[in-house]
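Below are two complexes that have chain A in common, paired first with chain B and then with chain C.
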Partner chain A sequence: MTELASRVAPPYPPLSERIKFYGLWAGAVLLLLVLPRLFSSGSALTTFSLIGISIIFSLSYNILLGQTGLLSFGHAVYYGLGGFLAIHAINMIGANKLPIPLPFVPLIGGMTGLFFAVLLGWVSTQRSGTAFAMISLGVAELIASSALILRTFFGGEAGISANRTKLIRLFDWNFGPQIQIYYLVAAWTLIAIVAMYALTRTPFGRMCNAVRDNPERVQFVGYDPHVIRYLAFCFAGFFAGIAGALAAINFEIANAAYLGAAQSGTVLFSTYIGGVGYFIGPIVGAIFVTVLSLSLSDLTSVWQLYFGLFFIAVVTFAPGGITGLLMMHRPLIKGGALGTVLPYYLISLVPTLAMIAGLVLGIETLVHHTVNPGEDPNIRAFGINFNVSSPLTWLAALVLIVGGFFVARKTWIRLAQAWDEALTAAREKGHST
Partner chain B sequence: MLELVVISTLNGILFGMLLFLMASGLTVIFSMLGVLNFAHASFYMLGAFFGFQISRWVGFWPALFIAPLLAGALGAAVERFGLRRVHRNGHVAELLFTFGLAFAIEEVVQMIWGKSPVDFRIPPSLDFPAFRIFSTNYPAYKMFMLLVSIAIFVGLLIVLKKSRVGLIVQAALTHPHMVAHLGHNVERVFMLVFGVGTALAAVAGVIAGPALVTQSNMAALLGPILFVVVVVGGLGSLPGAFVASLLIGLVQTFAVSMNGSLAGAFGPLSPDYAQSWLSDIWGVTVAQIAPIMPYVLLVLILIFRPMGLLGTRET
Partner chain C sequence: MTAPAIEIKDVQKSFGNISIIRDLNLSVTQGERHALIGPNGAGKSTTFNLITGYIAPTSGTVKLRGEVISGLRPYQINRRGLSRSFQVTNVFANMSVWENLRCAVLWTAGHRYSFWKNIDHLPEVRDRTAEILADIGLATRRDVPAGLLTYAEQRALEIGITVAGGADVILLDEPTAGMSHAETERAVTLIRRLTEGRTLMIVEHDMSVVFGLADRISVLVYGHVIATGTPDQIRSDPKVREAYLGEEAA
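What follows is the complex of A and B.
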């Protein structure tokens, strides 16, 4: 028996691997502790808190999309319900002077997410693939529309607000200042990341991957794919509820937008842009998308359009997301062949950037003519001044887009060739992953 | 009461036929390409806005033909240069591509025509009451909408059943690989089907634009209902989509015209707890819950008949 186990079970990792593994987590803890000391302004702390909430939410979404292969268009339902219950819980605890401090409120949100996932999940996960996507959308619309009807509980358009400082204190913190909220979010983010990472290492996590890759085989092995999808759905709902409760604590309000299609779309965007193939993908995506949406909205009025176009570009050209793109280079770095590809990257960067600049110029010019016509034609976008009424601008945009595209396509083909050669060279040296 | 039933039935069939104009394209595209076009309702919106803009320049009647052609060409281009490339990344990537497209189209429409509704009017030649039922004047434009959608429905049926392209499409619905093996240019058929499907959605947009509100959120409002139709009817089943379209059209129209509520029906029994947080459920009228009726129907269908009304496939 022991002989069999030793043959089947993977070898115990060597000390260096274990130090690397635990070092990574220790580094994450240290980073979370040091961050507010490095950037102590109020807006930075708010941004960090939003990123933390987004990380939990995106990781919970990746339990569905990345691990189990379920594309959901309604994950915000569990996030939103968690948020609403958290707000009601804060109000109730405050009014009745219950001995529950604020740091435990996210758990209430999580239980709410879990409860509704248990309730709605069985029907939703009966089918996978496209049918599941449509069903999740339908269920989400059902809940979101009901939220507008049940005004007493959901507060209608205005939402429900609460005061987070009225609860009993823990360590003499009243959770008024943003820094205390930051530490609360950071702690929960860390707990959630560890829990969700551990989940992927359990036999259940492996069965989720199996259901994603080959549900028929799973059935032959003796598991019911429906049950596994359902369990994954429940876990995802639980962590989404925690994220929603943290968001509600952060803003001290919960409204119908929490449950809406836009929120579901945002989490889908950040998870997919980050990359669904790796555990760290959604974390990268959550950071990237939160920072991008906060900074782009300052730069241009049509930032959501750029956002949508960027998402389409990722789906089309880099289905592995940002982490997928980075991980592609691992064999090249290990094989020492990265140097041969880099020049081609730099060459193709020039016409590609020119094309993107032309596109941005065209969009900004168009926006000026449709959104605010008759105003001063000398506008400023992305820190650059230009005159939108002159035909020269149109011409420049057109030349940049068309010329950039044709030159860029040539350089992309060269890049792909160089890439293949480098990868072959790396593989010959025995670095395939 | 009879008046209400007749008018609601007419309106319900009208709404159902409009839904079917879109759902038919969506179903055929799904069956052939295996991708549920998330941006289908966006082409309906594009049809409405193109129709609005073109009818300003050259009048409504040319717009009725030009706008769907434009939208259809755009749809074909999306298939040729977008979806075909994404296809090798799998179905999830395809669905996400159309999702991103729907997002981008809404933003572009908002950028060009703004967020508020545009003034898309019924053409004067159709702006008169068609007939009187009891005390209500039924507008001629609604009859026109009904006629157009029925005409297209009949035309589609004839093309699908009688023409060569129709036979290929029908064959590709169930055996796409076999059709390809027989030497048909399946890729071109796919592009054509995608183009025609989006053009049909655009026709629905042009004729519905003046009657309903032409606004940048119309795709987001209608899109989910469209998917409900397709799932309730059975994914990939054209007759199912037809039945489901009419069903949802009628259910929603009848629900809107009803004013009953639990409080109205069981008023004298009104329990004490109905005054508390249950008052929302107690007092809500059927008309108010009309928007969620399609989704309730969806959940019921999923519980009792997961493959849809006339569907045969499990996935």
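What follows is the complex of A and C.
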């Protein structure tokens, strides 16, 4: 029998593949160690910490959405509760001089997320699809509004704060400086990524995929899809709790915004934009969305509007997310046909950018006019001065949008043709995946 | 005397006012190949759904090897050693052929909800999956997502998933529907081989398949079994000829 297995079963990965696999993880560790040396400013370290937190949170969300096919509108509940418990834990440990150093506090957050997922998940995971989505939304609203009502625990509008430096020290670190928080977040991010990746490679992880694809059939191979959904929900709650606790440690505060709808929406955004079909997708999404939201919010007051537009564009044109888009090019790269497509990309980039520029111009002038009507109509963007009251500006925006769209559409069609040809060429060389 | 593999006793099933199954009595002996035939809308698929726990009977009982299983959930019945295929192909479309079969092997191999074992390091699961993969003749299509297989290949995979868990009572719902003549022949050979030594219950429209494969046949008309017997008995039964077979059996 083993003879048959060795003939028809997927071969065990050869040594070179395994070296590559572990090399990738080693590379990730190295990168995390080197990053603060390359970018040592306080704001860069804060950004890295936020990215790490967002990676854990998004990956935990993808256990639900990508792996098990559960669309949740209330994942921030477990993130937020993890954060609140972490703050309370820090205060309690500090006040009672308990021998628990700060690096173990995220585990308390994780256990909190797990506890509430165990408590609230059984009912909501009875069904998938719309029923699950609606229940998750209801639970999220319930917890978020309790956060404003139960003041002693949640601290009302102001939230609850803590001082992370008062705990017993580990390696003589008091976790005051951001660099120490960075290493703390980096270590937990690495642990969480490894754990969640390992989870996808277990019998349970595989059955999650089966439940996503076909819950009906799962019942006829001996599994209760409800139990699988419930377990997936508990794991997602656990890792979300860790992420929430790290956020609370980073900001030294937890407030109602942690468990609100906006937070649940953000994690859905990052995960989906990154790509739910690949393990690495949410990591890409978390990095992209965190960096973009931090930089966009510096540039414009309506950055969330741009986010919404971008999200719609991804859902419509690239349902596989950024990772899905990149993965589409794998057969082309392997077949050496990327070069034939590249010029078409560059050509279509010009009118597409023109269209986007027109859109931005239109939005910004409109915002300036409606939000700050009394102010000086002259604004400066990308080093160019605009008069937002001038009809010329409006006309320019309109021309860019409409003209850009019509030209861009033509180049997109050309690009698609070039794509198909390149793909056929690559397939003929035997690179189908 | 051993208990029948499947015993349906006085089962009724109605949806609202409409009674689909009336006074259904049916017994499938252990180890036999039993075909269930009947005109469209006779309730053949409903009977399968009643046996497998997909729907619960309004009244009456279904027994598996003497144990009452009516009212149990599909996965509980499956764990007692009964497995079914579907009339409409029902596989895990985004997962590869290999993953499809492996998912069907996991529960009986005892790995259940385990989230602490590496799925690639389970030798007995690997062996069993490879065995089924070779049996259904899809070894060359191992890494293809099930949704991209041809229709006949998907039907073969469907049967593979059904038998992979090692259930000793197998229910196949129109396994050759929509197949060409050559494909049907291959499918019948496959079914014969894979269900060797097990109990098979099959719903089928193709009469050459039914009469070639079955040890006994039951004829279902309007939710009621009007005759059960060997292919020869069924062929010559006047009630069956009148109600269903007509010209075909003559």
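By our rule, the second predicted complex is superposed on the first by the 420 of 433 C-alpha atoms of A that agree within 3 Å, B and C clash if a C-alpha of one lies under 4 Å from a C-alpha of the other, contacts with A are read in each partner's own complex, and residues count from 1 in each chain.
To be clear about the criterion, a contact is a pair of C-beta atoms (placed from the backbone, for glycine too) under 8 Å apart; a residue touches a chain by one contact, two chains touch by 3 or more.
What you are looking at is a predicted structure, and each value in this text was computed from that prediction instead of being measured.
K.L.:
I'd like to know which partner A:Asp213 touches here: chain B for first, chain C for second, both or neither.
P.N.:
second
K.L.:
If we overlay the two complexes on their shared chain A, which of chain B and chain C does A:Leu31 touch? Say first, second, both or neither.
P.N.:
neither
K.L.:
Between chain B (first) and chain C (second), which does A:Leu305 come into contact with in this model arrangement: first, second, both, or neither?
P.N.:
The answer is first: A:Leu305 touches chain B but not chain C.
K.L.:
Quick check for you: in the superposed arrangement, does A:Ile19 touch first (chain B), second (chain C), both or neither?
P.N.:
A:Ile19: touches no partner chain.
K.L.:
Which partner does A:Leu119 reach: the first (chain B), the second (chain C), both, or neither?
P.N.:
neither
K.L.:
Would you check which partner chain A:Thr130 touches, where first means chain B only, second means chain C only, and both and neither mean what they say?
P.N.:
Touch status of A:Thr130: first partner only.
K.L.:
In the overlay, work out which of chain B or chain C sits against more residues of chain A.
P.N.:
Between chain B and chain C, B touches the greater number of residues in chain A.
K.L.:
Looking at A:Val221, would you say it contacts chain B, chain C, both, or neither? Reply first, second, both or neither.
P.N.:
Only chain C is touched by A:Val221; chain B is not.
K.L.:
Under the stated touch criterion, which partner chain does A:Glu141 make contact with: chain B (first), chain C (second), both, or neither?
P.N.:
It touches chain B, and chain C stays clear.
K.L.:
Tell me which partner A:Pro203 touches in the superposition: chain B (first), chain C (second), both or neither.
P.N.:
Second partner only, chain C.
K.L.:
For chain B, which residues are in contact with chain A within the complex?
P.N.:
Against chain A, chain B makes touches at 30, 34-36, 82, 85-86, 89-93, 95-97, 99-101, 103-104, 107-108, 111-114, 220, 224, 227-228, 230-231, 235, 277, 279-281, 284, 288-289, 291-292, 294-296, 298-299, 302-303, 306, 314-315.
K.L.:
Along chain A, where are the residues that touch chain B in the complex?
P.N.:
Contacts found on chain A: 65, 69, 71, 73, 123-124, 126-131, 133-135, 137-139, 141-142, 145-146, 149-153, 261, 265, 268, 272, 302, 304-305, 307-309, 311-312, 315-316, 319, 363, 366-367, 370-371.
K.L.:
Which of the residues in chain C end up touching chain A in this complex?
P.N.:
Touch list, chain C to chain A: 52, 73-75, 78-79, 83-84, 86, 90-95, 98-99, 102-104, 106-108, 111-120, 122-123, 126-127, 129-131, 133-134, 139, 142-143, 161-162, 164-165.
K.L.:
For the complex, give me every residue of chain A touching chain C.
P.N.:
Against chain C, the touching part of chain A is residues 1-2, 4-5, 7-10, 12, 198-199, 201-207, 209-210, 212-214, 216-224, 227-228, 231, 235.
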